[in-house]
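Labels run A, B and C following the written order; every chain starts at residue 1.
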Amino acid sequence: MPFISLLTDFGLEDPYAGIMKGVILSALPEVSIVDLSHHVDPQDLKAAAFLIDASYSWFPKKTVHVIVIDPGVGSSRAIVAMAAAGHFFLAPDNGVLTRVLENATVDALVRVENPHYFIHPVSRTFHGRDIFAPVAAYMAGGKELSNLGPPMPPSELARLELPVPHLSDADSNAPALVGEVVAIDRFGNLITNLEEKRLQQFAPARDLSGLCIDIGGHVIRGLSFAYQSVSPGELLALIGSRGFLEISVNEGNAGRFCRTEKGDCVRVSRLDSS
Amino acid sequence: MPFISLLTDFGLEDPYAGIMKGVILSALPEVSIVDLSHHVDPQDLKAAAFLIDASYSWFPKKTVHVIVIDPGVGSSRAIVAMAAAGHFFLAPDNGVLTRVLENATVDALVRVENPHYFIHPVSRTFHGRDIFAPVAAYMAGGKELSNLGPPMPPSELARLELPVPHLSDADSNAPALVGEVVAIDRFGNLITNLEEKRLQQFAPARDLSGLCIDIGGHVIRGLSFAYQSVSPGELLALIGSRGFLEISVNEGNAGRFCRTEKGDCVRVSRLDSS
Amino acid sequence: MPFISLLTDFGLEDPYAGIMKGVILSALPEVSIVDLSHHVDPQDLKAAAFLIDASYSWFPKKTVHVIVIDPGVGSSRAIVAMAAAGHFFLAPDNGVLTRVLENATVDALVRVENPHYFIHPVSRTFHGRDIFAPVAAYMAGGKELSNLGPPMPPSELARLELPVPHLSDADSNAPALVGEVVAIDRFGNLITNLEEKRLQQFAPARDLSGLCIDIGGHVIRGLSFAYQSVSPGELLALIGSRGFLEISVNEGNAGRFCRTEKGDCVRVSRLDSS
């Protein structure tokens, strides 16, 4: 059974996502389409890059993941179709696949250029309807990527400069690992770019309970296992379901509690050195 | 054909609902998944308890209704799988099934404890993905609840203290039936916890036109049959589609008109005694 | 394979859309249901009339398009089932089909009156659940419209007075074509009611580059091919994906830039006469 997931910044007020589904179903009636999200902030490529990487592997193998965050629609930016990690991806070549590429091996990659698979006339403003939707249906039908256009070396793909955690005061006796908040979810959980294994490398004796987290002056000593490890209303840090450090308030909203915004800095130090 | 409905407080901005669908479809590709709502206010168990009870019976028999409003995720709270009224329910044991239990007979009930049906490692913060989704797929596949864990008597299920209508001034010659607003919908309709049959018992000669409704000082004499029974912009009361007293403004918004909030009190008296 | 699209003003916070799907799937388990939008502003028939006309043709032929923007629910307004342009439509007879009727030939039209196809008791406030959903399932199952009720001449359908572009100062040497903004999308694109062919008729030598657009005092000279034709942050006009004049800001939000609201006037003049 063919599957397509959709990740866009279209929202659900306008008919854009619905129209894409209409086009897909016209070409491949038996496909099952899942909305990953249509609420990426308009043109926020960084957020989309983290979101697709955290999500795709939970779908059935061979799912076609269609990503339409596309500030360059109508320009000369390419559209790419990629096979990696047992899944397919269809996206503008604007860096939105950066995180996926860091964590998966590319098995096939082509520029989507063959107009035979497009809807004509191709509009200048809605490639989601005229290119992404019919090409996604083609891909979900199990056909060859090579028909879509010329092969492309993965090294030529556009990459975003994503925030990378770095060591601060590395040579002092109180070094810190500095990351940032890459997403704040509906519950106010602060999702950082600090991966569990990176924290383990940094922690004394690889023990996360030996870490101290500072977010905007709020200090958290040690990591918790679950929200209920602290009292309601209290701040905590834990390894979230994406495998990254998250900061939360039990039965509360850490984003409001700490007045945090996306991009704010998170500083991790060692308890024994502080 | 298997069906699953989803009721969560995840919202649609984050990928949580989409990821749950990916996991479900990985296990049961042919299932049809319906979003009941993902916009329950975070951790609002009362609202969810009313919502699932008002909704589940409209789905095909044997639908698995998955409810993930789960402030206790990662704690020792149980997860339960239940068969009742021809439907299946999968929910945390936190009282969210309270209203369903008031109105339906339980045919089977188990604690979901068998890790064979979970995704491992089970995270401490996203049981929707690691437990609810794979177990829902198992249940929708028509398998035995008894494999999921030990049976549990319905009397042991957690219950919410939901607002219950009560008589006020019962011994006076002007008694009142006092309920409250349990939901305000997108149109500003005020949905109360006063059921039609309860109103009939209270009304003179079981005639609802003999009732007088007071909501925050706004007084409505008698019940209407439809919104158009009054002029545009006017307040009215009627029995809504859920079988409960609702207060509306024809072509308007009663919530804004009456400045009502969830939990506000609604007072019903008899016209002949006022 | 049967398809149903849903266009309502129900929003997604309440269970109304989910309940409609439950009813549809109970009657026709194999149907594929697509949300066109549930976020039409409450009771905004004009917006819905434009939206359904811009969208329906992108769906598979024989899709049943169900439109529940229905301020008259419970009154004597009719419900109509229509076959036109290879698609089916089910809607209240309140003018929401006005734009579809301007652009398509009606093949069959009936008043939906046969209670055999309704869910009983029919509520006075939620015909979406009690009439539209079961009748849509019936229609998507490929059955005869004529069983639903008596035929109706298309001329008797209610029509909205939609904003129509008009010539201003037609007899002067500086005539203007005056339209209005009928929708503002999530990106802040201003979608007007000025169709490409209407602009071509008005333009000198049918050349759209010879036009000058005035929106709230902001003047745009000529039309662009794509957003990137101007610098980021700059205003532009182009023919959007619906075939109408749209006003945008490259990588920005024209609605906020021009402080435009739905219904605001757009004035097109000829460059050579200004």
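To be clear about the criterion, a residue touches a chain if its C-beta (ideal position, glycine included) is under 8 Å from a C-beta of that chain, and two chains touch if they have at least 3 such contacts.
In this text, all values refer to a predicted model and were calculated from it rather than measured experimentally.
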For subunit A placed onto subunit C, the superposition rotation in degrees, Cα atoms, nearest 5: 120
Homomeric contact subunit B-subunit C: same or different residue positions, threshold half: different
Separation of mean Cα positions, subunit C and subunit B [Å, integer]: 33
Residues within subunit B bordering two or more other chains: 12
Touch list for subunit B against partner subunit A, complex: 9-19, 21-23, 25-26, 29-30, 42-43, 71-75, 123-126, 129-130
Partner subunit B, residues of subunit A touching it in the complex: 1, 3, 5, 12, 32, 34-39, 51, 54-55, 58-60, 63, 183, 185-187, 189, 225-228, 238, 240-241, 246, 248, 251, 253
